[in-house]
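The same subunit A turns up in both complexes below, where it pairs with subunit B and then with subunit C.
== the complex of A and B ==
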């Protein structure tokens, strides 16, 4: 009986990989193996709000501190007891030149340098507000998205610049995310759309929902889909920026807008917590799974636990299986099951590590891997469970 | 006589213009309108933390309350606190499971919004682990709570009417009161359509709340084809009463619409009395809070519709449940020496709703959210409450006419009336219109 079960499992896995391989030949490669970091293996409890990769190190901001993962193990969890400005960590950025780690928390901004934290709060520095949602490093400057505007901190001089409704076209000061290109700074503003700062010209340009309605989207590619922007990401290869909102996904190529809703795309949910992009890929972190959009082939792929609808029920059985939904440009969908899955369907953020992805979910950090068809790998994924 | 003749001509002209406007409006409406590409859907929550391991621990179950407790808005905040405490008493008549106690964690929103207030909300949510947050009518505190509530997963019940709060379909926020748009449309309909008024002074306060409300009212007037109201913006730090008084005397408005806080309302209303032109004063719900000088009465039996031209009244839009037989209104009146305002009644209802949901859900924010989202037909102190799938209270709005008095026919007949409160206590009618 047991032997038959194992044979069935092995056959199923082979079929999945064959199907995945077939899909990969026509679209994006599929992530069929997931390793999850939860309290069971030393990871903090609760939501993971952000994740940042720095070579082999992975930094994850959680509801209960900043976790550092090295070589597949939770190496350390930093909290306010260690000097962190706040335990709820919303964003992390690494200065590639100095190795300093900048941490945006709900208690201010922290700089982790030389094994110690230095904190910047509304009372002790020029940071606009202690609710720091986003942080990004650009050479000597650190850009900070706060609940009361955007800061730029000059690490050489210690000078703070601030932009808010008094000196820039902010119609709302609540900045949720910041992303950088070589020439521009992109800021996602709750209720204020996207603001883009031109570094050479020293001016801001707003991009807002042209219909001005919070309850409807008048035309599909009318402009930014909604003014409540939850995340922003610049793609250095395509030179597009992408904005996630709680009501759909928007991309701007410099001339045209490209908007996506669940109603006519493979997007898992219009409620999107964050967006990340590289190459031809756009990743939407939704409340119903992680949706990848291949901009070249127009294929959507969504990853989530197979029993995601029951996952949050009080007595849900977490069997660890995952599902992959592939949506083709003609609307046809196919579904695959995988032995492992992201830790939860409620996705909060994402980071890239080569071909791997690291996914911040509501109940743990997940490491997604594109699995090869080697037998050893198959067995490993089959037996590892989650 | 000549004046009356001219006035008649002017009215005719206005009537003609209005007619032409309405025809134009009808013509516009008959044109086929493009269907929107998409409507923003219901605010579902597919997130986590409903499991018992996410239940809040400790002997206290805390409800966060954001209210102004210092400065000019203090009476409004104290009214909210008093109402919330009464609700807590009522909700705790039956003991809570495991010997727990339901308590309030009150935060003063009079502090600078971009500094201490954000920190205080975070303290409430992360350290004190409040199970839900109730916010005042102030948009900034509502927005901060909404953002933090959405990120962390905490239900927010707000009195704010700001459109960027009320028109957003997010799963964690529930609106106890009417939105700016709802209030503006109701007032505009009464004022322009039912009462046939055409000369309206819109007084709003500087800042987000006043700006959003004034915009909503201008849109509501435009929607009805009414002439745009004369606008006056009150700067709380540099009030200019002489300018406003001059404006009231010169323009002789038939009605004033106040989109301010209660403190500004308390300054503007006596000015209107001093001007003595008997203009009808319409207050948004936030303006009619404690401290505004507006006195609510416990009876709604003597309703008479306002007739244009011969009355002056103070009108507040609200749901109506403020009857004396309601235990809350009676007890609030005994304690505070006045009847509850709509916002106070809504605060009482917010605490009661949270308490009732807690009885079913236990001390768990996600399950509590689910229970709140399912509220239908709740008979509260502020009226019937049913949340739609976007967290908005679907209850019908009403205009409460608090007091009526004679409007002079011409500017020359204008006389200052006596002190507002004294006058209102002598001659008062109360009623409502749909």
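== the complex of A and C ==
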């Protein structure tokens, strides 16, 4: 009986791999295996807000502390009891030169160095506000996105710089995320669009929704799709920056804007919590799943639990099966079921580890793995008309 | 002869048929259920409405605030383990903070609702308790209040705040922390335009005020050279923006937009500039204490132009300060306190008895908002996701409270049109009905019943 079950499982896995290989010929490689970290294996309860990879170490910011995963195991969970500034951890960045870990929390900014936390708060430092959403390290500088503006902390001198509506073109000072290139700093501002700081020229350039109205998108590729920006990601290879909003996805190539809504693309939801990008890939962390956009082939792939729409949502997640939706440029969609899935459909952020991805969800951290070695064109016979 | 009789009969039949048809058509037109435009926006106020159909419109579909997160899956709180069912409040309460003029009545309205709910047994025998935080403007320190409410006080929902910057911050934080918010005092229309599915807002926002004032000034009074004088704070900036957009779309770009800093005593520089422009009307977007001084100084300079103002000016304070100079002032009003509606009368008496002050719109909307929230908690149980689901059931539905009739759109924003008031003989005289006269049929949600309620 057990042998037959094992044989059935092996056969199912082979079939999925074969389907994934044929679906993924020339398109993006598909993540068909998911390992989830939940309270069942020592991971903190509640939402996972962010994830950052540092070699073989994975840092996850959760509603109940900062979790460190090494070699597939939850090694440690840091909380305010350990000296962390706040238990709700929104962002993590690792200083490649020093190994220091910078942690943005709803309680201030923390620096984890030499096994100890040092905290920077509104009352003890130049940090603009204790609601810290984003953090990024650029050489000696740490950039911090807070609810009351952007900070730059000089780790050599200890000096803080602050930019907000009083000294920079901020419509609103509520910053959500920060992304770095060699020459520029990109800041996603809630209600204020995208602000770009030129490191050589020391000036800010705003990018905003040109129609100026919250309730409309006047033209599809009009400019930034909406001013309520939730995330920002610069792509070092394509030199494009991508902004996630609760009203769709926007990319800017330096000349033209490329906007995507669910109604005109394979994006799972217009409500996007964060965006990440590398190579030709743009990843949108939406509330209806994780959507990957292959910018070169214009193919969209969405990952989520298979029966996530079930009335008993808890059952849907526990069931464990996943679904992959592939949307081709002509709008044709195909669907593949997998035995494992991300921990939840509500995706908050993502990080890359080689070919693997780590995904922050509303109910745990998920490690996505490509099982097939083969990359290629999506098999036309496997697609269905929309 | 017979032919003549048949002819007359035929004519009568045709006449009767024609009149029946036209009556049916009239009736059909009257009963037609028109889709409600976003924010109950008059046609002339639609952005780019005269030029182009937009590629996409937000906020006009049922799933605008759809939520697919995991909050409903969090195990429900166990009532028997609790001494109180905690609800957070963030309000400007320090009397040195000018916004406390709105925050204190707001807190009192919420307290009265909680007191009454507890007298009726609380939540299955466990009393509701307010966990109150002062909204301090300095450095946004109070923005951490929602974190404290969540991690230390374990609130199930919160009410607040007045300042729209604070409310936006709470909203941003609650997207992560997942706490339902009832916002009963913010005028900022963008608070409900974020698609964050954790907020219900019942206070008439700047959109409703801007539409009503622009319609009255430009369409009814036919004024042409209107200027705006507004506070340099967020309240002034956002309200003014709505009014300016309305004016532009009616082809009456205001001739001047002058500003003043909150707390300013002398407005002579701005008023002289306005006088030189030859304006035929002035709109003030600010608070009552400054509006009172503006009116006084304006009349002293011999400027007799009609003055219009935002709802914060609709306060006895403006008359106390301006005296006779306030005569003729027309303001947007969040509520008509002269109504004889029994709910309002009972609330007014109870409020007066308990707090020895007349309840204003901030008290009334807070009372209504807290009642909506308490109803949602009782219905949904101790689960924030389910409480928000219960609040979400107000989408495209009305609520009759002490403040009048509220109607919530797909963004859970109250889009019921507002009333206007005019100062006459030292008192505000309120328009007999809400402003529903801007072209086209009365929206279905504001037909007879609602209009009756608003009186």
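Here, the second predicted complex is superposed on the first by the 352 of 386 C-alpha atoms of A that agree within 3 Å, B and C clash if a C-alpha of one lies under 4 Å from a C-alpha of the other, contacts with A are read in each partner's own complex, and residues count from 1 in each chain.
Criterion: contacts are C-beta pairs under 8 Å (C-beta built on N, C-alpha and C of every residue); 3 or more make two chains touch, one makes a residue touch a chain.
Everything numeric in this text was worked out from a predicted model, so none of it was measured.
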Three-chain arrangement built on subunit A, subunit B and subunit C clash or fit: clash
Touching partner for A:345 - first (subunit B), second (subunit C), both, neither: both
Which superposed partner A:107 touches (first subunit B, second subunit C, both, neither): both
Which superposed partner A:209 touches (first subunit B, second subunit C, both, neither): neither
A:292 touches, of subunit B and subunit C: first, second, both or neither? neither
On subunit A, the residue positions that both subunit B and subunit C contact, one per complex: 47, 49, 63, 86-88, 90, 106-107, 122, 129-131, 147-148, 172, 174, 176, 190-191, 211, 213-220, 222, 228, 246-247, 261, 263, 269, 271, 287-288, 308, 313-314, 344-346, 362-363
Touching residues (chain side subunit A, partner subunit B) in the complex: 47, 49, 63, 86-88, 90, 106-107, 122-123, 128-131, 147-148, 172-174, 176, 190-191, 211, 213-220, 222, 226, 228, 246-248, 261, 263, 269-271, 287-288, 308, 311-314, 316, 344-346, 362-363
Sites on subunit A touched by subunit C in the complex: 46-47, 49, 63, 86-88, 90, 106-107, 122, 129-131, 147-148, 172, 174, 176, 190-191, 211-220, 222, 228, 246-247, 261, 263, 269, 271, 287-288, 308, 313-314, 317, 344-346, 362-363
Complex contacts: residues of subunit B adjacent to subunit A: 34, 36-41, 44-52, 114-115, 118-119, 122, 126, 143-144, 147-148, 150-153, 163-164, 167-171, 366
Interface residues, subunit C side, partner subunit A - complex: 38-39, 47-48, 52, 54-59, 66-70, 72-74, 139-141, 143-144, 147, 150-151, 168-169, 172-173, 176-178, 190, 193-196
